[in-house]
Structure formats: C-alpha cells, structure tokens
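To keep things simple, chains are lettered A, B, C and D as they appear, and every chain counts its residues starting from 1.
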Amino acid sequence: MEKKLPVAILAATGSVGQRFIQLLDNHPWFEVAALTASDRTAGQTYGEACHWILPEPMPAWAAAMKILPTETTSVDVPIVFSALPADAARDVEPLFARGGTAVFSNASAYRRETDVSIMMPEINADQVDIIQVQRKNRGWKGYIVTNSNCTSSGMAVALKALYDRFGLKRVFAVSLQALSGAGYPGVPSLDIIDNVVPYIGGEEEKLEWESRKMLGKVSGDGIALADFAISAHCNRVAVSDGHTVCLSVETAKPATVEEAVWFLEHYQAPESSRDLPSAPRPVIVVRSENDRPQPRLDRQTGKGMTTVVGRVRPDPLFGLKMVVLSHNTVRGAAGGSIYNAELCAHLGLVG
Amino acid sequence: MEKKLPVAILAATGSVGQRFIQLLDNHPWFEVAALTASDRTAGQTYGEACHWILPEPMPAWAAAMKILPTETTSVDVPIVFSALPADAARDVEPLFARGGTAVFSNASAYRRETDVSIMMPEINADQVDIIQVQRKNRGWKGYIVTNSNCTSSGMAVALKALYDRFGLKRVFAVSLQALSGAGYPGVPSLDIIDNVVPYIGGEEEKLEWESRKMLGKVSGDGIALADFAISAHCNRVAVSDGHTVCLSVETAKPATVEEAVWFLEHYQAPESSRDLPSAPRPVIVVRSENDRPQPRLDRQTGKGMTTVVGRVRPDPLFGLKMVVLSHNTVRGAAGGSIYNAELCAHLGLVG
Amino acid sequence: MEKKLPVAILAATGSVGQRFIQLLDNHPWFEVAALTASDRTAGQTYGEACHWILPEPMPAWAAAMKILPTETTSVDVPIVFSALPADAARDVEPLFARGGTAVFSNASAYRRETDVSIMMPEINADQVDIIQVQRKNRGWKGYIVTNSNCTSSGMAVALKALYDRFGLKRVFAVSLQALSGAGYPGVPSLDIIDNVVPYIGGEEEKLEWESRKMLGKVSGDGIALADFAISAHCNRVAVSDGHTVCLSVETAKPATVEEAVWFLEHYQAPESSRDLPSAPRPVIVVRSENDRPQPRLDRQTGKGMTTVVGRVRPDPLFGLKMVVLSHNTVRGAAGGSIYNAELCAHLGLVG
Amino acid sequence: MEKKLPVAILAATGSVGQRFIQLLDNHPWFEVAALTASDRTAGQTYGEACHWILPEPMPAWAAAMKILPTETTSVDVPIVFSALPADAARDVEPLFARGGTAVFSNASAYRRETDVSIMMPEINADQVDIIQVQRKNRGWKGYIVTNSNCTSSGMAVALKALYDRFGLKRVFAVSLQALSGAGYPGVPSLDIIDNVVPYIGGEEEKLEWESRKMLGKVSGDGIALADFAISAHCNRVAVSDGHTVCLSVETAKPATVEEAVWFLEHYQAPESSRDLPSAPRPVIVVRSENDRPQPRLDRQTGKGMTTVVGRVRPDPLFGLKMVVLSHNTVRGAAGGSIYNAELCAHLGLVG
C-alpha cells in the first residue's frame, strides 16, 4: 500500500478504544484520522479526555488529537473501528454503514443478525461473502463486520481446528475471565480481591451460541450455524488480561489426544488471511507442560493474537479435555477488529 | 459428656494442623492432649515451632504445649487427628490404628482402600459400618477414617441431595481452588498474582473418583461405588480460602430447576449426625442471587461447615447447572475430621 | 439501660452504612429505627436497595426495613449515624443537629470546625466539653461529633500513648491503605491488581492535620491543636480491610524502644470511655514478632477496635520507628462513630 | 565490537538468573557461553532444569545448553554474572576474580567491602577506579563489581540528581516492594493475598547504607561514603515487579519543587556510561500526573532501566516529597549487572 488508509475509532477513551490506539500505532496500512468519545469530552484533546490504563505509553499523536462527537457528519473515513457499548452501537453503526463506511465493531448489537458475520479471519475468512448479502438486504453502501465476544474467540479457534477434521458434537466450557473484559472502571476491586465472581451477565448465552455461528457457513441469504451444542459457565477471576477456558470436547469422529494435538498444532489460517499484518503467527501454540497455559505467562504469545492450548488429555465423558487461553483485549477485541479490517482491505472491500 | 476425651494432632504446625487447633479450641467433647511435628521441632513449644498463619489468634494453651515426635510411644490417646502428608500417613497411621486409636485422617493415603470410608457424616454416616470390617480385615483394635479431598467435599454434598431423589448419570465439574488447599508455604506468590494455574497435581483423578465412593454403600466387605461418571478440571486461583466448583449435572430421572432447588434446600443429614457439635447448620444453603456463592462472602456460612449452592439453572447438555462453594480447610479438612470423630464418639466407637 | 435508644443511619446502603448495620446488630443500647439512602431507592426495602458486600450476612431486620429519604421530616430519633458523602453531610447534618439530634458523622465536612471534635473516646473523651460550646455558638439543640479519617485513627492512638509520656516533635507517616477505605464501587480492580497507587486525593492533608486536633485540648471556645508536625505519604494497596501506617517518631523527651513499648502496651482509655460496649479491649496490642502487624492476620484484633502496633525499633533520624495497623471500616469508621455515641449516651448527652 | 565476548551466568535457574538470560538474548556485545546451577541439576539441559517464570519465552539457545557446576574449572570466560545467594557468593566469587575473571554480582556478600564498588554507571561510573585498588589489595587478576540492592537502585538515582545540585542532609524512605525481589519460590501466596508484610529481613539496613556508598567517591584506598543520613521502612506488597519508594528529602541547600523537577528531568549519566547498550534512556522520567508512578503502568519505562519519579511536592518537615519507581529485576538486578559489565568492557577492563 502506498498511502495509508484513514480510520476512525468510535468510543476511543474506553479500555477497548485505548487498545485500538495502541495496536494502530505504526500500523503499516492504517492511520488514525479521527477519535470520538462522549459529548462530554468532545473538544478536548485525547490526552486530556482519556484516563489511560495501559502499560504501553499513550502515543503522542493520539494525545494531541481533538475528540470529535460520534456522528457521521464529523467523521468521514472509509474504515471505522467501533468500541461503542451495545446500545449506542445499535443506533450509530448503521448510520456509518449506510453512508459507505466499513464498520468493524466490538459491540454485540449486530452479532445475532443472520446477514452479519462474527468474523475471525483465521477461521472463517470465507464469511466475507455475507457482506454483499448484507448490503443488498439493507441498502447500505458500507457494511458491519463484528468480532466475537472476547471469551468465545480463543475457544472458537481451538474448536475450528478440531471441527475441520473430526466434527463436533458437544462442548462443555468453563471460563476464568480477566478483569479487562469488563472495561474500565469495570469490576470493583472489593468484588474480586480474595474472590471469584461466578457470574458475568449475558456471557454464557453468548458462549453457547457465537462459536456455532463462527464455525458456520454462508448459505443463501444468511450464515448457517455449525451443528453442535455448548454448555458454558462463566467466572470472573483476579487476572488483568487473558481469558482461560476449560474445555471438554466430544468430537463426531473419534480423536485421540495425539491426533488432537497434531491438528491443533498444524492448523493454518485460510490463505486470504494468512499473511496479513495482524495475522496470528502461529494461529495456535500447543504447550506441552502440564501447568500451561497461564494468563500471566502466555497471553503475549504471538503479540497477543495467538491462541494458546494446553493440557490436551482424555476426558472420561466427552473424550478430550484441554485448556485454552486467549488475550481478551487483543485477539478478543481490538486486535481482532483490526485483523478483520485488514482482510477486507486486502480483498478490496474498503473505500 | 462429663469428661473431655483427650485427642492428639499429628503434624500440628502445618496449615491443616493449625486449623485443627483453632477448631478444637473450646470444643465441648475433645481436649487436645498432644501435638506432634517433624523431628526438627520436637522439644520446642508449639509457639516456638509454628509459623501461625490464621487470622484467629493461636490459643495460649497451644502455644505452651511441647511438640512431641510423631510416634505411638509418645502419643497415647483414644483419638488422633492426622494432618500428615500422604507418604508419612501411609506408614504412621496404621501404627496408631493397630494399637487401638481411632485415626481421623486428612491424608489421601488410605482413601482408595475398599474397607476405609471417605466419611462426611451429613451424607454417609452409614459408612461407619465399614469400621468393623476394617478391624477384622487388618487385625486392628482401632481404625482409620479419612475425609475427602477438600475439593470433593462441597460437590459431594450437593450431588448427594440430588442423587437421593433423582439419581445421577454424568457430572462435569470445574474447580477454582483456594491457595490454602496447597498448604503452607504452598503456592509461590509469583505463580498466582495476576494469574490462574490450570493444574493441580493428582486432583482431577481424586475428584473423578472420591464422590462416587462417598455416595456409595457398605456392601459385604467393602464400599460399593455409586454408579455415575464425573469429568473434572482443576484450577488454582488467587483466593485464600473457599473452593468454588462449577457443576453440570445429568440426573437419572428428570429434574427441573425448581425441584433441584427444593431438594437441595431441604436436604437433611442422617439422624445420627444431625445434632453433633460440628454438624453443618444447615447442611446446604441455596443462594438466590445470580452472582453467588462467592468465596469471600460465603465461605463462613454455618461456621464454614455449610455447603453453599447458587446459580441453579438449566444446562443445555446435562439438564442442570450450578455453582458450589465449600470452605476447604474447615468443611474440607480439619472441620470434617472433627465431625467424623464426633460421629464415632457419639456411636460409642471411640476408646 | 432498660429500653434501647432508637437510632437512624443516613446513607445506609454504602460500604460504611453496611458496616453500621452489621455492628449495630444486637447492640445492647441502640436499636436501628430508620435507614435512609438516595431518593432513587426510597420506598424500596433495604434488602432490595442494597448491594451487600460484607462477609457477615445482612441481618433480617435490616433487609425488611423500608428505605426513607434523608430528611429530618422522615427521621425522628435522638441519634443519627451519618455515612453521607462530605458534600451532602455539609448540608444535611446541621438540619438534624439544629432540631436536637446527636449526629455522629463519618464525613469530613465539619472536622475542621474549631467547635467540633474529631472524637476517639479512648484518647480524647474530654473533648465532649466542646459540645456545649458548639450548641451555644450555633444555636443548636443537638450537635455534631465527627470521627477521624480512617487512616488517622490508628496512628492517633499510638501517638497519644507516646505523647502523654514523652511529648512529640515530628512524625513521618506513610500509609498502605485498604480498598474499603474508598467505599464501593471505589477503586477499579484494574487499578490495583499487580499494582500500588501512590496517591489518595486529599488524604495526606488530613493525616498531617487531624492527629494534631485529636490530641488537642478544649481551650476556651475551641479545640487547640497539639503542637507537633507530621509529614504524610498515602498509598493504596491490594488489601480489603485494614490500614497499615509506617511511622517514624521524634519525641520531645528521649524514649528508648523499651520505654515506648511499655507505654504503648499499658496505655489505658480515660475512665469515662473505658467500659463502653464498643471500647477497644485492649486499646493497643504490641506484637513482638518482627513481621507484624499484618492486615489479614491482625485487623480483627479486639473485634476490629484495637490498634495493633509492631516493629517498634530505633530510627536513625527520629529515634523511633514502628508500624501501626487499624481496621479502617470498624475502628476507623462505623465502629468509631458508635463508640462516640456510646460515650455521649453514657454521659447523658443524648435525647 | 567484532566478536562477542563470552560470558557465564552463575545460578542461572533462579529468578535473577532467568532475567540475565532474557536480557542477554541478542545482546550486541556479549554471548552466553556457560550456565551454572546447583550440583543437583548439573548435566541436565537448562530447559530441563529450569522452572521458567518470565512472560518472555525462554530462548531456544538457553534451553539447549547443558548446566555446568559452579566452579572455575568448568567455566572459563572473561565475564561472569553472578546470581548466587550471598553465602555461596562469598566463597565462589573470589575464586573467579583471582583467576582473572570480571565478576558482576547481584549478591550482597561484597557490597560492604571498602574496595568494592556498588556500581550504577549512570550515577557513579567514576567508581571504576576502585578496581585497580581492589586488584592490588587482594592480589587478584580479575575483580568483583557489585550492583545495589534492588530497592536502593531507583532511590539512589533520584537522590544523585538532587545531591549533585543541592547536597543532601536527611532522607526518609518507605518502600513497597515487589514479590520478585524475594526470588522464586520466595513469598508464599498465603502471606501476601489481601495483605502487606511490613518487614523484609536485612533490607532496611541495606537501604540506610548503600545509597551513601553509591553516591560516594573513590578516595585513597577506598570509597568514602556520601555524608547524609537515611531512615528506611521496608514493606512487601502484592506486586509482581517494580519497587515503589516514598521519599522525603532534606537537601543541604534549599530546593523548590520546580527546581527539583528540573534537575531530576535533566539529569544525565556520565559520558562514559551514557551510550552503552543498556544505558537507561532517559535516566529519569518525571511524571506529572498526581497518581504516578505505578508499578503496573511504569515499570517498563526505558525497557525497565529508567527510574520513574512522580508526585514531587513540598514536604512539611524535610522540604521535598516524591515517589520513585524502579524495575527491581531489570534496573535493580540483572540489567544493572549487564550495564556494569558494558561499562567495564567499554573502558578496556575486561579480558
């Protein structure tokens, strides 16, 4: 690419918005041209408006940018990254999509729509075909591509590697989720010190459904869900970043532990998404130690884009047990959206 | 009881030993007459030898007691509470049992023996019948009663309430276990700050087996396992006390959420164990809030002896989901052994 | 007392309000007759309105009470405990005091007023004399008594024991403060996991001033500050309850470590406040281990009302170093206010 | 440099040893040629022998290296980095120094010797002159250079910047120290969850002395201590990496806050140490936010070699207050030793 594509970040001051800025710093294809936030902060610089909570320092270019209102009249770029809350996303994202913008959204608002992909390029790059359907259905010049819930993402990658080879029947998933998944200020410290909270509102329903759509196929006017069933329990634990998921997996065809490890380790992204700037390298790492993956030690694997699997072992009920770790604000949020945008740009679907 | 029964604590300086001392302070039936520890500390007072780690202060009577070697020649009491590690327990506990002592053990050494009960009086007080078998088999005047692994205990109580009414087919269990379960010094702080360790050596095997024995029946010369299957994943989390277990349960007969809650809430201990000093009051509390139980808020329920259940809800695969919390060093360790000793004393099986 | 005095709690749903309810459960002299909270919750029961965050269960009587608006027309009792934020306290507390109510306040709003005591009965029970001055100055039938900032309280007790005997010149104080000091939701978990925040707004100024007033004397129409100087640094750490303060103390007359320990250990509350229901027993505990006090192990000393001192040792610059621990929501907040009310009731200053 | 200098790491499997390996990965001047550890592990590969606890992955070259015994007959390189415990260091380091090796040590064993420098190149590069004295005194062909205690290092840098301009009289220092400072396994998790430990054995004495030597000058046959006094309190807190120190500073000449900030911000390393590969860039960062520095957000500043200062403000007793943060295993341990070795290599004092 000769000239970088201008992009905007909607709701740039929150925790996911900050991660977008950090990951887009020196991006080879994209250049941040606009930042929006709540009306209260519009007019301030980003440095003034944002309580920055990442260990990586706020880039100077971001600190100096003026906050704009979250409106199509203020923001005119071919790509918008949305870190809006679900309610706002429902109203605002279509306005951008209608006018011709490619919207890459972290919000759950449109994930359930049959003509909207929950995209993870390393497993379902072929779902880009739904974009034409969506445009036609809705009369939009642009489109919305969502990324998955931050807990579904790592799990979906591991399941895809098994699904392709063995098929899937039933999956039991228990998450131990990081604090950053709840945003900022998010979880009060008194709720999590010396504690576990065995509940995250709406999360179990998302886990039990999203993976099936992510592993599904474009079929006619919509995306057909993959045919397997999931039971999920979700817990919040005292971890800053990195969601851990304990999985028990019943495959359709029998799979030994050795076979499962082999197909996990050798899983490759589809060709169209393999060499993009944010592509996970590799897609999956399988650890052989008996006490890994661990969030503090493994979340940065592959710059936070790689899914780390460990403890692949027999399950007395379902055949296979394993542990999956994924960086929830990188692979599971901002990094995932950027990867989606790279795929669409690469395929000529932007601008 | 007019005169208190003298008891000894083996390996009294460790974390479970300390909990024994704290729970036996002012016990209505038992009086601590002897404390043992490693040879290195023998001859010191308990106050000198012990690095006390409980918030409750060390009782003055304990601080002043001399540490004895862990030998039958040093310790002559009708009841011994053993907090020995498994290896030492395998050698030492039979020496006491042979001589006529009732040994209430926290160690895993004898749990797998078919003539030894993993006893929890509120669910299997009838397993006291195995004591006569054990004595006969082994030519012992005394006997060994073990308590369960600290993670199995809460789960077994909840399962028992359902088993009695609906039967059980399959159970998925994922634990989020407290640090005190690993003893002291136990888990290094660098391993658990901002982290989860998805592995606890040998624990999954214990969980997949012990509950079946605890819900089993004395049959002929041994204890017959209850007929259901468990798959377990075990995790260590940054919690001081209180093991949380996420359960999915497939009952043999169908059970609605309302029925399950009703039978959990109304579960009663067998009559022989109902009114003992350490009996949990009540055996089970079912919380109705959607984010409970939580270790920091609920582990002290019923002085740490009650099993707390919450989030009873439908499971798309197995029918029922729930969360179970139990205090691992009280109900799951020292408190459980004391309750076992109370049952045996009550039934005239001591001295 | 034959009949219990009815009391009200203003702002009863917050973290300090909850602690008031827990500590007033079964209080021998006081009975909670009214609970107030924000207008948004008025009309709900306390059980509905309150997100309870204490490990001790919410008393059933509290759960059933209706929330009232925070107005003198709704609440007519001789004693009011105020957990209001400073702004609201400034407006509301005088309305109650004017009408004849004794207001025991946790807010900082009136601490700086020269005719208002920052009362800790174990060190300055004689400051009750300011109440008559305050009534006269302001034309109030009732009065306001404040308690100290939660960090000042433990430190003031230790300093008082030394001040009485040796006088004080200079004090250097560095706090490591618990999360509950910031209320609920308070500190976001992402700010404190694997972290320290070396700043608490306004706290250092309070520490550098309040102790001087607490150790001061009623003199004419006001309270004269004790004549010594403090430098304070305040830090937030990952502790649920219990503020730790590192102190270096320069006494006016020389004091050896042994002398300091002796006078700390033998410090007694004034007679008027010694035998009240909430009086700390003892006022100060001095630990001799080299690694105590610690919040998790020592905060419950004396039911959370005792000040725990440890590591008394020479300081190369100021003469004495020590560590002081106090339970911030018990001795440093709700428990302190209740103790103040007991003193005033005992002295016939209520109703 | 054309060819890299071979170096060895003594006690390479511990937490500081691991940090050496991580920081020496791709070092432009040095190449790791030998790793030693306890006799128990000699003969194993590093990958087998080491329980790696850093988030950065173990380099493949390290994993494949054979562990050697810690003996001069096994290890023949011009530079040795020592992560030995103090006792072992006292015996072993001189054996290497005698034979001609330059020993860069993290141990405290030789810090108190008057002919051994506690070196931090950015503040006392001129102390290299003591090396000739040491060689002559002891008849060694090589020499020992120590680095400071991990808590002293950040504090010494900040003090140096003020000392050069204003002189120093008295300093109060209270540390909040990270867990990694105690090595691995180090602090048991049960000691630090929901807790602070206000004691670290021997640490306060080190803090009250080492900074004076680091700011001292070579004078005749030894290093003359800088003439000021320090009082230190040391605390362990629940932080993985990064020591925070609260400082109150009395300068010899008066210094305003603005002046102090200016000289801290503009402090420069001596020319000889300014452009070395591990030189901190910049030496000091002064943060202007009122709640910084914080360990989680600021410890990686300047790749962990920069000292971060914040909250520079007036102190009512000593004139200046501030907070200093330094990465304890990078700048305060392995990174510091490597920087020392770079200085000596640069000055022709190696090989």
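By definition in this document, a contact is a pair of C-beta atoms (placed from the backbone, for glycine too) under 8 Å apart; a residue touches a chain by one contact, two chains touch by 3 or more.
The structure displayed is predicted, hence computed values, not measured ones.
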Between B-C and A-C, the pair joined by more C-beta contacts: A-C
Identity of the chain that, by mean CA position, is farthest from subunit A: C
Centre-to-centre distance between subunit C and subunit B (centres being mean Cα positions), rounded to whole Å: 40
Subunit A-subunit B separation of Cα centroids, rounded to whole Å: 42
Subunit A-subunit C separation of Cα centroids, rounded to whole Å: 47
Junction residues of subunit A - those touching two or more other chains: 53, 193-194, 238-240, 296-297
Of subunit B, residues touching subunit C in the complex: 53-57, 193-194, 240, 296-301
Subunit D residues within the subunit C interface of the complex: 170, 172, 174, 176, 193-199, 201, 208, 229-231, 233, 235, 237-240, 244, 246, 248, 290-297, 310-311, 315-318, 321, 323
Subunit D partner contacts - residues on subunit B that touch it in the complex: 15, 53, 179-180, 184-194, 238-240
